[in-house]
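Following this line, the structures themselves.
Below are two complexes that have chain A in common, paired first with chain B and then with chain C.
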Partner chain A sequence: MALPLEIRSGSALDRGWRLGRAVALVVLVVALPYAVETFRLGQITGALILAVAVVGLNLLSGFTGQISLGHAAFFGIGAYTTGVMTVTFDYGVVPSFVVGMAMCFVVGVIVGLPALRLQGMYLALVTLAVGVLLPSLIRRLDGLTGGSSGLFGMEFEPPDIAYFAGRAGGAVWIYYVTVVALVLSCLVVWNLMNGRIGRAVTALRDNEAAAIVMGVNRAFVRTVVFGISAAIAGLAGGLFAVNSGVLTPDAVSLLLTINLLVAMVLGGRASFWGPILGAFVIYFVPVWTSDVTQAPISGVIFGALVIALVFVLPGGIAGGLNALLRRVVRIVPQPPRRDEVTRSSSLPDDLSDDPVLLAPGRTEPEPASAARPGSP
Partner chain B sequence: MSKRTPLVALAATLATLAIAGCGAAPGSTEGGSSSDNPAAAAAAQGLGIDLAACPGDVTTVFGPQEKVGLTLPLTGGPASAFATLGPGALAAFEQANATADLPTKFELVQKDDQFQPDKTLAAAQGLIQQDGVVGFSGVTGTANALAIRDLLKEDCIPALGLPAGGTVINDPAYPGIVQTTVPFTLDARVWVEDVNRRFPDGTGIATFIGNTESGKDYTADIAKWMERTGSKSRIVATESIEATDAAAPSSAITTMRNSGAQVLFAAPTGAQCVSMMTEMANQGWKPITYLTTNCASTAFFSAAGPAGEGVLTVQAFKDVNSPRFKNDPDVQAVRAAMEKYSPSADPDNTTAYGGFTYASVFLEAAREAAKSDLGLSRLGLIVAGRHLDFHPPMFIDGVDFTTDGLEDMVPVEAGELNPWSVAEGGFVQGTLYDFEGQLTD
Partner chain C sequence: MDLLIARIVDGLNNGVIYGFLALALVCVYRGTKHLNLAQGEMAMFSAFIAYALYAVGLPVPVAVLGTVLVGFLAGGLVERVLIRPLGHHADYSILLVTIGLFLVLNAGAGVIWGGDPLPFPALVPSSPEDYIAFFGTRLRYQPLLVLGVLIVVMTALFVLFKYTRLGLAMRATASNPESARLLGIRVNRINSLGWMLAAGVGALVGALIAPSTTLTTGMMFNFLIYAAAAATLGGFDSPGGAVLAGILLGIAENIIGSYVWFVGTDLKQAVALVILLAVLMIRPTGMFGTKKVERV
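What follows is the complex of A and B.
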């Protein structure tokens, strides 16, 4: 069989291919708790939480092209809101998540306002200020946040069923909660980017003046996207709080922002799988390198690997995997129906010879009478 | 992709998760253990340990080869200060294995935690579940130790010899966690005691404390010991500094100098000790200065130059770079052990000797456990660690490592208050303060 295998978009084979991938993914998600030890599942959960934050950052920096160096702050606001609400004020975890996301959305919108006038490095500097501010603020408000000593005791009690009993069950519970949060975050970004806002975002990124002339509300789009991006990062922070059970200012320092940015670029910016792949790389590579070296050299290996990945896979890991996949399976567009071809007055004559626009197995256009019954 | 596809995928995921929710938790294991050994039951009860809640049998004597965990920063900023703990600890374990004075050979497994408590938790989970460690010889940092103490308690795993100075470490609810470094409360007690002796009628004190975990301990302990000793002195100026602040603390020094304080209690972080001393000299302010034990090293004072003259620090460990201990037989022996068993350890690095000392606490507890009725087991280690009385080779004469169950949980309760001498190029022997059995609240 010759590769790549070509599959018509929208065909039964295409639907089967997509369904197969979705089923494989679901099977993987469900099988993981059975296949790995509890501590490894905890690490996978940690990587998934990082992925949620990168999904948020990718919405802003990947799709919109606005550089944010303050996403660790949104992550921290979500984390500390959850921590303070659950530990100090004894609120439930889910309401804490919601309040944390709402706070992040509001702060994100406020921070996003300068984005209306600033771009590139100037905007990055504004967000950097937020990132620098939060750890100091946490230390100052030590009566509420625990300061440098940290805030302890956050947990998300699983439902009282046998499957989630004990430490292993608790780890599975947080894992599934994180999976659902990641799926929801991806869906939000997917729907945004495939709707009016997404088109507006792309238009603004590619040609701002033209987009505004065409009626795109720049202020609304930019601030809302900033807010949603921050809220998703805040959700990740809340998950981090209940997963680790400990919060310190260092956990939400600028280093986290850098990690998020590196994960986004390594995974593949402006892609849907990139943030998840990048988060796993950024989380697990230091773990594995420290396992094999037992010395400060692990940091060197990690750095070298990141540089190598950037050079070898300029489109990110998602881009590389897509290219690899296209060598095996290629989805080709469905040719337009005959009536669409004949109705199109702007279609150049020579395109009628293009086999891509012809029905499979035909070498010349069908007569107009062959149009499907009932089609306009 | 069809617009319905994400929704279908979400529905499929949720349905599958719901189906997965029926049944037993994956990876769940039966917990609980009990012991017919009355000595074990009594020992556990004495420390408030519920043997039935411990996974596995904690009274099982170790096999010929076991693993011991150590979490420390190998990457990130704090790695430069703490990574050398590892090679020092390795030397102690390899020496013990080579001399075969224990029935079990211990393999030291080190994990990087980047000095971040959440990563310490992940590293500790890995050490317990993947590597199967029977105990920890060190968890670096107070907040880091706090992050994993519930995990250690649930698994009944001892952590002996922690380089973590926080007072909060010594909690009766966590008997398996034993601190080794000089506790901040000892620093505060010695400072207050010395000021009371010098100024029986009281004087003005300025405090310059880092806005950190240890800083909070210092602030609370200074107030506590001033009240309990009936000190007539009073705090006249209070300044703080962020751990990340690298600039010279000029305005803070000016404020304290203008307060008229004759005494300074200072507990900044790392290199800030040097910039503080230098700035005080620049401004011509020379109060009687008590500096945190964290900065009691030749490296810091050599960097400060003449500004360090006369500054007082509490010392429990021998400073290997000080002329006083350069030819000390114990220091020479530890140096030889490091060169032989852990060539990557820097024999001139004070922290490496600290790593050796922290590991020596675990090993001493192992020796005591092996001789006891409980044998060298997890419970034996915990009980021995809580009843140790020995003199680690790197401790100054007159300073011992002593614990006595839950009654005396602070192991290091004595220290020399030594002034730095520029002419000597090291700390000069000062007054030994011994508060044995008095620091546990």
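What follows is the complex of A and C.
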């Protein structure tokens, strides 16, 4: 059998392939709590929470091309809002999530304002400033946040049904909550990026001046995207708070930002699956390297791995997997029906099978534009 | 009044380090427009190399010069092997490589020299009795040495950039790499030189401040953040601006931390970043940076 297998877009096989993937994913998500032990499920939840934050960062840094070195701050604002509201003031978890996200949105818009005037490294440094400010602010406001010794006792009580009973049930509950949050975040990002705002964002990234001339409202688009990105990171922070039950300023330090950035670029920025894959890598690789070796050596291995992956997989893991998949299965566009061709054009018959000339719309994404770096 | 002077002097001690490391960041940024997040860790690693040279019996000044040479060569090597192959516009890839380098150097120093702080011999007398009395405060030799070397290095770089053919080529490369290449300037070599200078300057900082901070793997991390802030404030392409901004930041954070009750010691370093935010709101290219005019 000759590879790659060619599948016509829109054919029964193509639809089956799409449906099959979706079903496989749902089965995987639902079956996971039964397949792995509680401890491992907790780790997977941790990776998924990281994935939510990376999805948020990807919206800003991946699609918009604005490097943010401060997303740990939004994660932290979400986490501490949830922590303080549930523990100190006894509010419910869901309202705390909502308030945390709202706060992140507002702070994100405020941080996004200088982004209108700043470019490249200057913007990165502003976000870095915010990222470094937050841990010191948490230490300073120790009456509210517990300071350096931390904030304890956050939890998300599962609903009172037998399925979620006990300690294992609690882990399953928080796992499902995280899955729902991740799906919602992905949907928000994907709908945003495939709509009017997404086109404006891409236009701004690729050629800012031209985009503005074409009537893109830069101030609105940039600040709103910054706010939404921050809000998603805040949601991840809230989940982190109730999942771990402990919050310290160190948990939201610059190290977290670095992890998020590495996860985003390793996974494949401006892609759908990239942030999730990257988050899993960033969560589990240190776990494995420290299983195999002693602490300082594992850090060296992790760093070397980051450098190696940049060279080996420039499009990230998602890009690499896509390229691999394209060698096995190829979705080719459906040629238009013959009567349409003869009616609309006078091209010779032997070209009617050429997908590029006659395709009603190219279905393959263009990797070149996704891999383009941000505005210079 | 004496207290105020003492606080200014204290702030100056840190400010000089911010400015010095900022100078290294600027050397890289001028050429390639990249922030080297591993700059601090490269300096830290160099300080450990100086320690190793000293430990095998070399006198301290020779050890310091030796590590500067090693840093100089290593900087060129890093640029050639890890940065140049990625191309000029691979912002994210380069950022990620510098993060990877950061992790490797940080953990690597821990592997080789262990996690405990090592005592580093000072170049100048630094026992508690060694100081110059100055308006009731004590000027120590160690920070004065750092300040003196900083001024020498800054002047040397200024002369290099401004008055030599090489400096002219560097400025041409910084302002427009494509045109510079067409004029016959070896742009790659110039960028390499930027990394070498940066790593050399970094090695000098590391070895010079190691006696006062003690030699640990985490000694540079905070300095890097404030050096980056200083470089931004000064305008990323201005060496003098970066140094001045670094010194001002150090003094300002110490004064505000001492006199504003809310700030205290916890938020002292945050002051530097608030200043950064404020200045960038008013002047997006920093205090001394050149405004980039864009042609459409």
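In the analysis below, the second predicted complex is superposed on the first by the 333 of 376 C-alpha atoms of A that agree within 3 Å, B and C clash if a C-alpha of one lies under 4 Å from a C-alpha of the other, contacts with A are read in each partner's own complex, and residues count from 1 in each chain.
In the analysis below, a residue touches a chain if its C-beta (ideal position, glycine included) is under 8 Å from a C-beta of that chain, and two chains touch if they have at least 3 such contacts.
Predicted model only: the values in this text are computed from it and were never measured.
Enquirer: Residues of chain A touched by chain B versus by chain C: which partner has the larger set?
Expert: Counting contacted residues of chain A, the larger count belongs to B.
Enquirer: Who does A:110 touch here: chain B (first), chain C (second), both, or neither?
Expert: After superposition on chain A, A:110 lies in contact with neither partner.
Enquirer: For A:13 in the superposed arrangement: first (chain B), second (chain C), both or neither?
Expert: After superposing on A, A:13 lies clear of both chain B and chain C.
Enquirer: Report for A:118: first if it touches chain B alone, second if chain C alone, otherwise both or neither.
Expert: Touch partner of A:118: chain C, not chain B.
Enquirer: Does the superposition put A:313 against chain B (first), chain C (second), both, or neither?
Expert: In the superposed model, A:313 contacts neither chain B nor chain C.
Enquirer: Just chain B (first), just chain C (second), both, or neither: which does A:139 touch?
Expert: Both partners.
Enquirer: In the overlay, answer first, second, both or neither for which of chain B and chain C A:302 touches.
Expert: Touch status of A:302: both partners.
Enquirer: Taking the superposition on A as described, I'd like to know which of chain B and chain C A:321 touches: first, second, both or neither.
Expert: In the superposed model, A:321 contacts neither chain B nor chain C.
Enquirer: For A:102, select first, second, both or neither according to whether it touches chain B, chain C, the two together, or no partner.
Expert: In the superposition, A:102 touches no partner, neither chain B nor chain C.
Enquirer: So which positions on chain A get touched by both chain B and chain C?
Expert: Shared contact residues on chain A: 136, 139-140, 295-296, 298-299, 302.
Enquirer: Using the touch rule from the top, collect the residues of chain B that touch chain A in their complex.
Expert: Residue list for chain B touching chain A: 1, 3, 5-10, 12-14, 16-17, 20-29, 31, 74-76, 79, 83, 86, 110-112, 114-118, 121-122, 125-126, 128-130, 142-143, 146-147, 150, 154, 168, 211-213, 215-216, 242-243, 344.
Enquirer: Write out the stretch or stretches of chain C touching chain A in their complex.
Expert: Answer in residue numbers: 29, 33-35, 82, 85-86, 89-93, 95-97, 99-108, 110-111, 115, 225, 228-229, 232, 236, 262, 264, 266-267, 269-270, 273-274, 276-277, 280-281, 284-286, 294, 296.
Enquirer: Which residues of chain A touch chain B in the complex?
Expert: Contacts found on chain A: 18, 22-23, 25-27, 29-30, 33-34, 37-43, 46, 136, 139-140, 142, 147-150, 152, 161-169, 171-172, 176, 179-180, 183-184, 186-187, 190-191, 194, 240, 244-248, 250-251, 255, 286-287, 290, 294-296, 298-299, 302.
Enquirer: Provide the residue numbers of chain A that touch chain C in the complex, in ascending order.
Expert: For chain A paired with chain C, touching residues are 61, 67, 114, 117-122, 124-126, 128-130, 132-133, 136-137, 139-140, 209-210, 254, 258, 261-262, 265-266, 269, 295-300, 302-307, 310-311, 314, 373-374, 376.
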